[in-house]
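I have placed the structure first, in the form of structure tokens, so that the comments after it can refer back to it.
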Amino acid sequence: MKRQLPLALVFIFGIFMIIQYFVPHESSEWVFEFLLDWIYIIGIFALALGIWSLIRVSWDKVKYRKENWFYSLVTLFGLFAMIVFGFDYLRNFQTAEGLQNFMFRHFFDYIMIPIQATMFSLLAFFIASAAYRAFRARSLLATLLLVAALIVMLRFNPYFGPISPYLEKTASWLLNVPNLAAKRAIVIGVGLGIVATALKVILGIERAYLGKD
Amino acid sequence: MNIFDRLMSVDRRWVFLFLALVCVITYVAEFPVDITVTYEVENIYDFIDTLDPGDIIFVAIDYDPNSLAELHPMTYALVEHAWRKELKIIFTALSQNGPGMADLAIRQISDSLDIPRTYNGVEYPAREIVNGKDYVFLGYKPYPALVIVGMGQNFRIPFPTDYYGTPLDQHPMMKGVQNYDQVKCVIDISGTSGVDMWIAYGQTRYGFPLALGLTGVMAADYYPYLNSGQVFGIMGGMLGAAQYERLSGNTGRAIDAMRVQLYAHIVIILFIIMGNVGFLMTRGHKEGL
Amino acid sequence: MENSKKISIIVFAGVIVLFFVSWISKTSGFQSTGLPFGASVRDGFLITLAAFLTLAIISFLYKDNPYYKFAEHLFVGVSAAYWMCVGFWSTFVGNFIPKVSSTLSGFFEVPYKGFDIFYFVPLILGIMLLMRLSSKVGWVSRWSLAFIVGTTAGLNLIRYMRSDFISQVSNTFVPLLVEWQGTGHFFSNFNLSISGQFVMMLGNWVIFIGVFCGIIYFFFSKEHTGFFGAASKLGIWILMVTFGASFGYTVMGRVSLLVGRLTFLFRDWLGLIN
Amino acid sequence: MRQKLIIIMCLLFIPALAAGQESVITADSSLVDTITVVPPAPVTDLIAYDKNNDHGHAIILKWTPSADDGAGKKNVLGYSIHRSLSPNGPFEERGIAAAGDASYNDVGSKERESADYMADHVDYYYKVRTLTADESVYADSEVVGPVQSYGQWFNTDRWMVLIFVIGFMAIMIFMINKARRGAKLFVRRLAGIEAVDEAIGRATEMGKPILYVLGLGTAAEIATIASFTILGRVAKKVAEYQTGLIVPCYDPIVMTVAQETVKASYMDAGRPDSYDEDMVYFVTQSQFAYVAAVNGVMLRELPATNIYMGKFFAESLILAETGALAGSIQIAGTDEIAQIPFFVVACDYTLIGEELYAASAYLGREPVLLGSLKAQDYAKAAVMVIAVIGFITIHFGWDTFVEWFHVAN
């Protein structure tokens, strides 16, 4: 029950999804659409588990005055404030209008968006520091990495006079030809890896995700 | 610790600080930068530049606010150039969420013509841009492929009236203008697959000169059309727009962004070179001992 | 130790003062554009808050600090709740409720779409998942996991077999001789232009050999020696060139993101440029 | 919409004509008259048949375009497709095809409630109308029918996929059985995976925890499933050495599964008492909030080793650079091609693409899993053989072989 049934379920649903692909008939489509819908709905229950985990970990920190407990309080404040606004308790608790709630939108626009965009823009700095730290001509492989990156980075630089057009042409060749070859090799490998792993999961060979009893 | 060791192990916070400073300075200070011009952009510029005043070109603003950041600079540079040369323009916006944005852009550009400017040493007087005389904005209609085919017969087939509801025949510049035969070229500025329709249903069927303005990611896919001669020019992304701005001498938003890009790249390259000089020198040093 | 505490208090005071200066000046700025007082105070606060959070995140580049911690924890709480609310209203109320209960549909004011017994399955599976919270019957949650994993494993198997494997193999069928009209023609028309015959052919050869050697690099059950070793070495070289080129190519996009933030700080907040 | 288009076409033409008559002087006015308003030739050879390999509710029409389409009188604007339940009408318009087109897919809805519903196993009759710029001037083709739509039970466009799926399954089961019977299978070294054991030892010496990041994938993503296997292995070592383990999660289901996996590993290692539910916790389902939190963990807990395995997106470099700043050893593995360069540059060891999937077999050294690796290699060999055959057939102009590999969506 604890272990055999889940493995059987994985097998049945896995095989069904494979067969479904080859059967265009409406009835197979009908089951297919149900299954996909179900996964989304189960995901909502899982989200409840996640929020519960977040609250418990944060609250433990506050309760036992662990290091940085004050900031966990900030997390809880943000979480509950947003939930209160998102459900618009005072006025129209019952409808999705909470998502149009004035404060809900403002928390989104003035807290989430700026932080999100700034986190993303930190990449400009990290890409510079990574390049400085790692692009050293230590070995042949590192040198290839370095030279290719330099050529592409210089592709629109006008300060090289007569070589500039050649740099640009080399860069676009690098991006169109070897790039395509290497990506295709990786994609074929990844595709096989995914197919093999999925097959192992369906056949019950790979089962770490189920834990143990 | 000698100087080369130091070159190799600069605290990355210096890298961050230096990059931040360079970006801020190049962003705020408005100094000119040199942009390498490629032939596929120059072709478009030359084409527009050599037309005679009164000639009509067709500009399709086929993108929506999603790709505005990359494509607006192109539209601004190109349309202003055309109007400074006293060309007349027929606009469409065949992207569903695009017409409002295109309308705003057209008005903004026409306002900018109120100011006299000197570009590339040529003085251009202030000029009032009049709807119907200097341009017609046809707007949006669904089924872009059919619209493009229909306009090859007569612009009035898909667009009996313009975006503002005026019948096309009430516009002086549309007098005698039936279809693509009366326009000198079509320039499609697009962020979607609509560009394929311009090539397949428009250029292939009616044979007008076609140039494309595309997002940086898309551009690479359309070079085969350049090689085959179906398209006479391509502007790709911010870089393409910056080249057009540079050619027309009209420094604008694309060059502003490119200035930051260029110097940020140089800073990163300098740091890479610094690290490698340090690395190679210390390695030689140690081997020497 | 005392010293650093003093410094952090001074910094804190400075941040507070700057926050209020910005709030007040932004408020007066908004008022001068004709916005009513209340709305100006509100918008002044919000834009100052956004700027403060932006700078707090950037300060992380120097080192971890209380301002970053504040922004980070606030962001985690707000975003977790955001996605929960969106998920609840769109999936739970939008997809699920209308199919199971007219009473609940009425309560949440969504159109009832008729009872569908099959929608009790995800309900049961979802509740089983929640059983995890109990240590005694926690194992039933595996049934729901098994459903999700099984279904998507089958789905992925097919999807990747088709798109990542078969399509990619078929894309590798490129002609190695482009517009071949004999060796004489090839040499007499030899040129290095990007659309020329030689460059096109070279490109196809590189793609062919690159894919081949790349695949050989990924062979796991064969020792990489001899011809095999050489091919796999060439494979990893091509991979490295590609990685370098992609890295270099990405720099531009990342700097654009920074330009976006600079625009916010210098134009929207400080109003230094227009 | 379609009807509207016709009306528009009609409306516009009248003012256009009127304008042409008014403008007496301009030479261009003659251009207006070049659009002739005589009926065009109708389309010929119209046929209709059920669309194959679908769920039904679709019929394909093919015809030979009107003689005046792009030639002759050059007055064809397009074609409209009309359908009826009886050969005598009434006909309803189903759609429009552009001038020059010679086929149309009449696809209806499968939902009974939809206005566009198209019933299967019902007799339909079709005709194609050749349109001109003037709505009242057109030419109808002959009516074809009856024709029925219906769904198929096997999609013949996809037989190549079926061959590959069955073939691959067969090789895999064969190799696994061979391995079970005790055949020795060689696996090449994977530096990234060997580094994992070392890194755990180092963490123990330093008395610092290990940070394991499962990425942004859902539990359904195969990369995440592969990552669970590696996590199980890492957690077991960690339990044996009594080192700390931190697993912040992006997806709640991933969190649930990761908790199961880690718990099982602690039991395997014989230390169920050391397992703490809070080792694996949920952060948020927002990409950059998750990154901000993980960055915080890296700088505050200073883990000895950071392991990133699974699906990663733009955050890869933010994580890897912050980890490098904190001085941790970093091991990464992802199948997300765009992110591999960043991990290669910023991490000490990187599992590239398929190596992530090989890692679980490599770690376990179980014959069953090694057998599947061998099967993957055979499939790769098959790819190379197919590619060579492809080249040869292309050069001899035999395209059928290549066509087999083009699988329709």
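Read from first to last, the chains carry the letters A, B, C and D; within each, the first residue is number 1.
Quick note on the criterion: a residue touches a chain if its C-beta (ideal position, glycine included) is under 8 Å from a C-beta of that chain, and two chains touch if they have at least 3 such contacts.
Values in this document were obtained by computation on a predicted structure and should not be read as measured data.
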Chains touching both subunit C and subunit D: A, B
Highest-count interface - the chain pair sharing the most C-beta contacts: A-C
Centre-most chain [mean C-alpha coordinates]: C
Distance from the mean Cα position of subunit C to that of subunit A, given in whole angstrom: 6
Distance between chain centroids, defined by C-alpha means - subunit B, subunit D (Å): 31
Inter-centroid spacing, subunit D versus subunit A (mean Cα positions, whole Å): 16
Shared-contact residues (touching 2 or more other chains) in subunit B: 12, 16, 23, 261, 264-265, 268
Per-residue multi-chain contacts in subunit A, two or more chains: 18, 21, 39, 42-43, 46-51, 54, 68, 112, 115-116, 119-120, 122-125, 127, 129, 131, 133, 135, 145-146, 149-150, 153, 172, 175-176, 183, 186-190, 192, 194-195, 198-199, 201, 209-211
Junction residues of subunit C - those touching two or more other chains: 57, 60-61, 69, 71-72, 75-80, 82-83, 129, 132, 142, 145, 148-149, 151-153, 155-158, 160-161, 165, 169, 172, 208, 211, 215, 218, 239-240, 242-244, 246-247, 250-251, 255, 258
Arrangement of touching chains [line / ring / star / complete / other]: complete
Residues of subunit B touching subunit D in the complex: 12, 141-143, 145-146, 149-150, 153-154, 156-160, 167-169, 175-178, 182, 201, 205
Interfacial residue positions of subunit C with respect to subunit A in the complex: 46-47, 49-51, 53-54, 57-58, 60-61, 69-96, 107-109, 118-119, 121-123, 125-127, 129-130, 132-133, 139, 142-158, 160-161, 163-165, 168-169, 171-172, 194, 199, 203, 206-211, 213-215, 217-218, 235-251, 254-255, 257-258, 260-261, 264
Interface residues, subunit D side, partner subunit A - complex: 53-56, 110, 151-155, 158, 161-162, 165, 168-169, 172, 176, 219-220, 222-223, 225-226, 228-229, 231-232, 249, 251-253, 255-257, 260-261, 263-264, 267-268, 278, 281-289, 291-292, 300, 314, 317-318, 320-322, 324, 335, 337, 340, 342, 344-346, 352-354, 356-358, 360, 368-369, 372-373, 375-376, 379-380, 383
Residues of subunit B touching subunit C in the complex: 13, 16, 23-24, 27-28, 216, 227, 238, 257, 260-261, 264-265, 268
Subunit C partner contacts - residues on subunit D that touch it in the complex: 158, 160-161, 164-165, 168, 185-188, 190, 219-222, 225, 253, 256-257, 259-260, 282-286, 288-290, 292-293, 295-296, 299-300, 338, 340-342, 344-345, 352-355, 358, 362, 370, 373-374, 376-377, 380, 383-384, 386-387, 390-391, 394-395, 402, 405-407
